[in-house]
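Each of the next two complexes has subunit A plus one other chain: subunit B in the first, subunit C in the second.
The block that comes next holds the complex of A and B.
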C-alpha cells in the first residue's frame, strides 16, 4: 500500500507492509572545491559517494561512522535538506514498484517499450525525489521529518513553544485557533511535557526538554518516517536514556520508521533493527544489528566494535582486536578500490593499491630509497615511472619492491628497470561494490565472502 | 523533571485555549520588557534616552514654547532692534544672530527639522536597504553578485563627499539634503542585513522550517528576518545621530535655504561673529548638534551591548 494524502488526512496510520520508506540508489553528494580568483572548480569533496540503501517501513536503520564520513549529509539528503548531486532517491516504494524501479533503472529511456515508459514516468512522478508532482512532494514533506543534533539551534529563539510545535499544523492548514492550541498540548504531553510549557521560549528549557520539543514538532504531522541526526549526542547520559526510551515508545505507538544517525555504538545497538556502517562516503557494511555486532563482515565494522569501550569487562579477546593505522584520507581524493585499504589491518594485494600507497609504504620501510626518488611520472593512479638519482638506487628500489612482502608487493603486476628509471604497474581495481554475502547482509569487503573471512592474513584462530 | 529558569508562571485556569491567545501576547511583551530593562541597565544609555526624550518634547511643544513665525515657522522671526544681542538680553535668552534671529527659537524649531531629517532618512533607507539586502541574500547567485557590486560602488565614496555631490547637483534646499542622505545611507543597511540573513539561513531552525515545508516567504518572515534585524536596529539608532551630523555639515556649507532654523545653517550663520566675540550663535547651535548625535550614539551603543547575540538568550 502506498500512502495517499487522504489516508493521512483521516489520521489513520498508513498500512504497513513489506515496503521501503526510502530507497537510495547510487546517491552522491559532491561539494565543488573552487580555487583562485576565477573560482574555477578544481575538484569535489565527495561527502556521499555512491550509496545504496533501503529503509524498511516500521523499522529503525542505524547509520554509524566516524565524524566526516558523510552520515549527516546522507541523512540530510534523505530528508530533502540537501540536494543529491547524483543517483536517485525513491520514496514510498512497495514491492512491485521497487521491482519495476530496479528493472527499469539501468534501461535508457529510449530503448524502453511504450508500456515500460508509462510505468517509468509513473514511478518518477510519484516516487522519485526531484521529479515528484507537487502533490506527492507534499505527501513526502509531511511524512519525512528530521530531528536535529543540537535541539537548541533547531528552535527559533524568537518563537514560543506553541508556535514552534504548532507550525507544521499551520503550514498544512491542519488546525488553527483553539484547535491548534489543543493539538499542540496533546503533542507536548505525548513527549512528556505539559500545557505549562506552551508559552515559553526555547532558552527557558533544559537540553533534554528542548530535544523533546523538537521531537514534538517532528511528530506534529503524524509522519511515517523520521531522520534522527544524533538526537542524544549533546545530552547527559541520564537524559540520553530518557530521550531514547521516548523515541522507542513513540515508535511502538505510532509505527514510525527511523533512520538513526549516530557515532555511539552502544546507543545504536539499543535502538536499531538494522545497521549500516559508513566509511568515507560509502556504506561499508549493512545487516541486522545483532548479527553485524556479533560477526562483522567488514574490517572497519570490526575495528569500530572493538574500539568501543565496554563496561562488561574483558569478555572479548583483546589480542584479536583489529586496529587501523594512519588517519582518514582526504574525501576530495579517496583511495581506489576499497576505501579502507591504506589503513586496513587485513588488506590483501587485491584491495586496490595505488602508486601513492606504495610511496607511503616505502617512506617507512626503506627511507633511503624513498629519498632517492627524484621524479615521478604518473600515467594513472596505478602506474608510474620513477626516475631515481642513480642506477644503484634504482636497482635497490627495484629489488626492494620485487621482494616486498607487504600487500602492495603482491599487487605489482609489472616492474621494469631501465638504468635510473623504474616503471611500475599495479593491479587495477575498480571501486568495490556492496555485495550480498549472507542472507540479509551486505559488505563491501572482498574477504567477506571467503572461507577465512576478515582475519589478519598471518594468524588464524 | 526539573525546570530550569525563572519562568512566567501560568495559572491553571489560563490554560484554557481561549485565554492562551492573550496570554501569548503578554508573554511576548514580558520578554520585550525584559530586553528593555536590560538595555536600560547601562547608565550611559539612560542619559542618552533622557536627552532624546527632551529633544522630542522640545520638537513636539515648539509652538507652545515659542510663538510660531508667520508664514514660515522654520525661519527665525527677525528682531531688527536687537541684532547680535548677547544671551540674556530681554526676550532673547540665548541671544540673536546678525539678522536679529532668535537663537533659542532656532534651536527649538531646529529640533523639528533634525527629527524630520533623521526619521525620513533612516526609515526610508532602512526600507530600501532591507529590501535590497534581503533580495540579494535570499536569492543569491547572480542577483546577489550584481546588487552587492552596486553596494560596493556606493561604499567606495565617503558618505559626506557623496552626499555633498548629490545635494550640490540637486540644488540647495533642505529637501534635497534629505534626498542626498537617503541615496547615501541605504547601502550600509543592505550590506548588514545581507550578511545577517546569510548567517541565519545556515542555522538549523531555518532548516527545520524547510523540513516542515513552509514557504520561503514564511521562513523569511518568521525565522530569518526576526533573527537578523538586531544589528540593523543598532545601526539605525546610531544613524539617527549621524544623519543629523552630516546634514548639519551640508547646510553649514550652504546647501540649505538661507535663514533656515537648521542647526548646521545656524552654526554657519554665527561663524562670522565669532571673531567679534559673538560666540553664542554658533556655540548653542553646535551644542544642540553635539547633544543630538551624542544621545543617539549612547543609545545605539547601549543597544549593541544589550542585544549582542553572544549575551542574548540566556
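The block that comes next holds the complex of A and C.
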C-alpha cells in the first residue's frame, strides 16, 4: 500500500502492511579528505560503507553503535539530509515493487527488456531518492521527519514556539492565521505541552520540554516515518522516561515508523522491535531485538551487551565478559576482511589479517622488533617486504612470526628470510558480507554460522 | 567489594574524609543559588562511595568543594567543614579553613580528581610527559633529586626549582649548561617516574605516549592518562567526577575495570560521582543520592538499590528502561527539577512526589537513620509530633519496623 499526499492530508493513520518505508541497498557515504594547498582529494572517510537495511512499516528499528561508527550519518542519509555517494535508497516500496527492484537492480540498463525498462523507470521515478519526480519528492519529504539529538541547537533561539512548530505547516500551505495557531496548540497538546507555551522562546524551556517541541515539529505534517537521532541522550533518566513514553504513545496512536538511533543499549532494548548494530560504517548484526540481546551472533554485539552496566543479573562476575582491545581504527583506511578483527576477542586466522595489524601487535608485544624495522615496502594490504636494521633483528622477527600461536600467525601463508629482509604474505580475505544465519537474523561474523558459535578460543579459557 | 557491617558504622573514628554540614552558595544577579545545602557524609579508607544525582543536583560542586576548587566569588562556602584525615598519623586537615599552601600540598598528593571530559582537562599545548612531570615536580621533587643521584641537602643551585618544574626556560637552560650531567640524570629520573605511572594504567608504549600531545590520543587513552596523573602520588582519596560519561560503552567498561583494579592494588578510597545508577551497582560499596542540593538517601549500595526508601530514589530506579518493562510504561517522574535560587524551606521533591502532603511544603526533612547503616530524608519516616503539626498534614507514614522486616526478607 503506497501513500499519497491526499491520504495524509486527511490525517488518516498510515495503514500497516508488510511493506518497507525505506529500503537501502549498498549505501555508501564517503566524505572526501583534502590535503595540501591545492586541496587535492587524497582519500575518503568511509562514514557509511555498504549498508543494506530495510525499515518495516509501523515498527521501530534501533540502530546502535559507538561514536564515529556512522549511525548518525546513516540516519541523515535516510532522511535525505546528506546525499549518498553510492548505492540506492528506496522509499515506500510495497512487496511487489520491492521484488521488482531486487530483480532489476543487478541487471545493467542496457540488457533490460523494453518492459523491464518501463518498470525500472517507473520505480525510479516513484521510489528512488535522487531520481524521484517533484511530486513524489514532496510526499517523501513530508513523510520523513527528523528529531535531532541536541534540542538546544536544533531550535532557532529567535523564533517563538508557534513559528518553530508551525513552520512545516506554513511551508506546505496546510494552515495559516488562526487556523495555524489552533493546529500548533493541538500539536503541543499531543506532546504534553499547552496553549500557554505558544508564544515563548526556546530558552524558556527545560531540556525535556525542548525535545517535546522538536517532536511536535516533526509531527506537524503527520508523517509516517521519523528518524530519532539520540533523542534522549542529553536528558536525565527521569525526563528520558517521560520522552520515551511519549514516543511510544505517539507511535501507537499515529502508526508511526521509527528509526531510533542511540548508543544506549538499555533504551534501545526497551524501544525497538528490530535492532541493527553498526561498527565502522557497516552493519555487524541485525535481527529482532530480544533475540539479538539474548543470543548475539556477532562478537561486537556481545561485547556491547556485556559492557553495558545493568541493574539486573550477576554483574559482579566480570570474568566471563568479552572486552575489546585497542581503539577504533581509522575510517579512512578500515581493516580488511572483518572490520572488527584487530580488536576482536574471538578472532580466527581467517578474519582478514593484514600487514598493518602485524605492526600494531609488534608495537605492544615486542617493541624491540618494532623499533628495528627500518623500511617497509607494501605490495598489497596482505603482502610486504620488511627491511630490518640488521640480520639478527630480521632473524628474531622471522622466528617470532613463525612461532606465533596467535590468529595472526595462522594467517601467514608465506614468510621468507633473506639477510636483513623479511618478506611476508598473508591470507587474502574479502570483505565479509552480512549473511543470514538464522530466521530473520543476519550477522557479518564468520563464526556466526558455525556450531561452536562466537566463543573465546579454547586456549584463552 | 567489602560488606559494610554494623560494627564498621559504629566505629566513628574509621573515616578518611568527613564532609560535615557543607553548604555552597553561588551569588548571582538573580539571587543566591543554594547549590549544596547542608550535606554531610563520610568516606572510609579503601571504600567506594557513589554520589548519584541528576544534572544540577550539586554533586559536582560537592566534589569540587572537597578540593576547594569552587571559585570564590561567585561561589561561597556558606557553612560546613571538609575534613581529611591522615590514616597514618591521625592528623586532620580542614580543606576549607586550612591555609592555601597546605591545601595546595594536599591536592594531587592526598586527594586527586579525574574529570568528566579528559579532552578539556588536559592541557592541549603540553606533551603528556610534561603534564605528568608537573605532578611529580609539585609533590615529589625530593624523590626526583634522590633518584637522579643528587643529595637534596647538597643540591646545586637551581636543581630544586628544575626538579619541581617551576624553573623558567632561562633557568633550565642555565642549569643545563652548568650542571650538564646532573641535568640529564634529573630528566631521566622524571621520565622514569612518568613512564612508571603511565605503564601502571596499561598504556601500551608509554614512551611514545609521553612525547605526544593530548589531541593525538583517543578519548579512552586520554582518560587513562588522567588516571595515571591522578594516581601518580598514590593518593588516599580519588574523586572521579563522571569519568566515563564522555566515553563509549566498550571503553567505559575497560576504564572502570582499570579504576577498580587500581583501587584493589593500592587501597585508594574513591568518591564516584555519577548519574548512572547501573554503574553504582557494579562499583560502589555505598551510595548517596542527591536531589536539588540535598542528600536524600544513603546506605550500602546493594541495599539501597534493592529497596529504595526515598520517593525520589524509587522514581529514579523505576525510570531506567529494563528488559522486563512493557514498552511505553516507564515510570517517569512528573515535572522537572526546581530552581535553586532562594528556594523556600520545604522538601524540594514535594512538587514531583506522589506522597506529598501539606507538611512537606513547609518543613525541610532531615536525614533519619534507618536500620543497618542507612539514612533517608523524608517526612514519611518522621512522626507528626516531632514536627508539631497535625497528623492530617503528614504524608502516609512508613514504620521503621516495616523497613527492617522487608530488609530481613529480601536478604
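Basically, the second predicted complex is superposed on the first by the 454 of 461 C-alpha atoms of A that agree within 3 Å, B and C clash if a C-alpha of one lies under 4 Å from a C-alpha of the other, contacts with A are read in each partner's own complex, and residues count from 1 in each chain.
Keep in mind that, in the parts below, a contact is a pair of C-beta atoms (placed from the backbone, for glycine too) under 8 Å apart; a residue touches a chain by one contact, two chains touch by 3 or more.
Every value quoted in this text rests on a predicted model; they were computed, and no experiment measured them.
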item: Which superposed partner A:265 touches (first subunit B, second subunit C, both, neither); value: second
item: Which of subunit B and subunit C A:125 touches, first, second, both or neither; value: neither
item: Contacts of A:252 with subunit B and subunit C, given as first, second, both or neither; value: second
item: First, second, both or neither for A:303, with subunit B first and subunit C second; value: second
item: Which superposed partner A:178 touches (first subunit B, second subunit C, both, neither); value: first
item: Which of subunit B and subunit C A:206 touches, first, second, both or neither; value: both
item: Which of subunit B and subunit C A:81 touches, first, second, both or neither; value: first
item: Which of subunit B and subunit C A:160 touches, first, second, both or neither; value: first
item: Intersection of subunit A interface sets (partners subunit B, subunit C); value: 206, 208-209
item: Complex contacts: residues of subunit B adjacent to subunit A; value: 1-2, 4-5, 7-8, 10, 15, 17-18, 20, 23-24, 27-28, 31, 203-205, 207-215, 218, 222-223, 226-227, 312-314
item: Residues on subunit A engaged by subunit C in the complex (per definition of touch); value: 66-67, 206, 208-209, 236-242, 244-245, 248-249, 252, 263, 265-267, 269-271, 293, 303-304, 306-312, 315-316, 318, 321, 323-324, 327-328, 363-364, 367
item: Complex contacts: residues of subunit C adjacent to subunit A; value: 1, 54-55, 204-205, 218, 220-221, 248-254, 257, 275-279, 281-282, 305, 315-323, 325, 327-334, 336
item: Complex contact set, residues of subunit A against subunit B; value: 76, 79-81, 138, 141-142, 144-146, 148, 150, 153-160, 162, 167-168, 171-172, 177-178, 181-182, 185, 192, 195-196, 198-201, 203-206, 208-209, 214, 217, 221
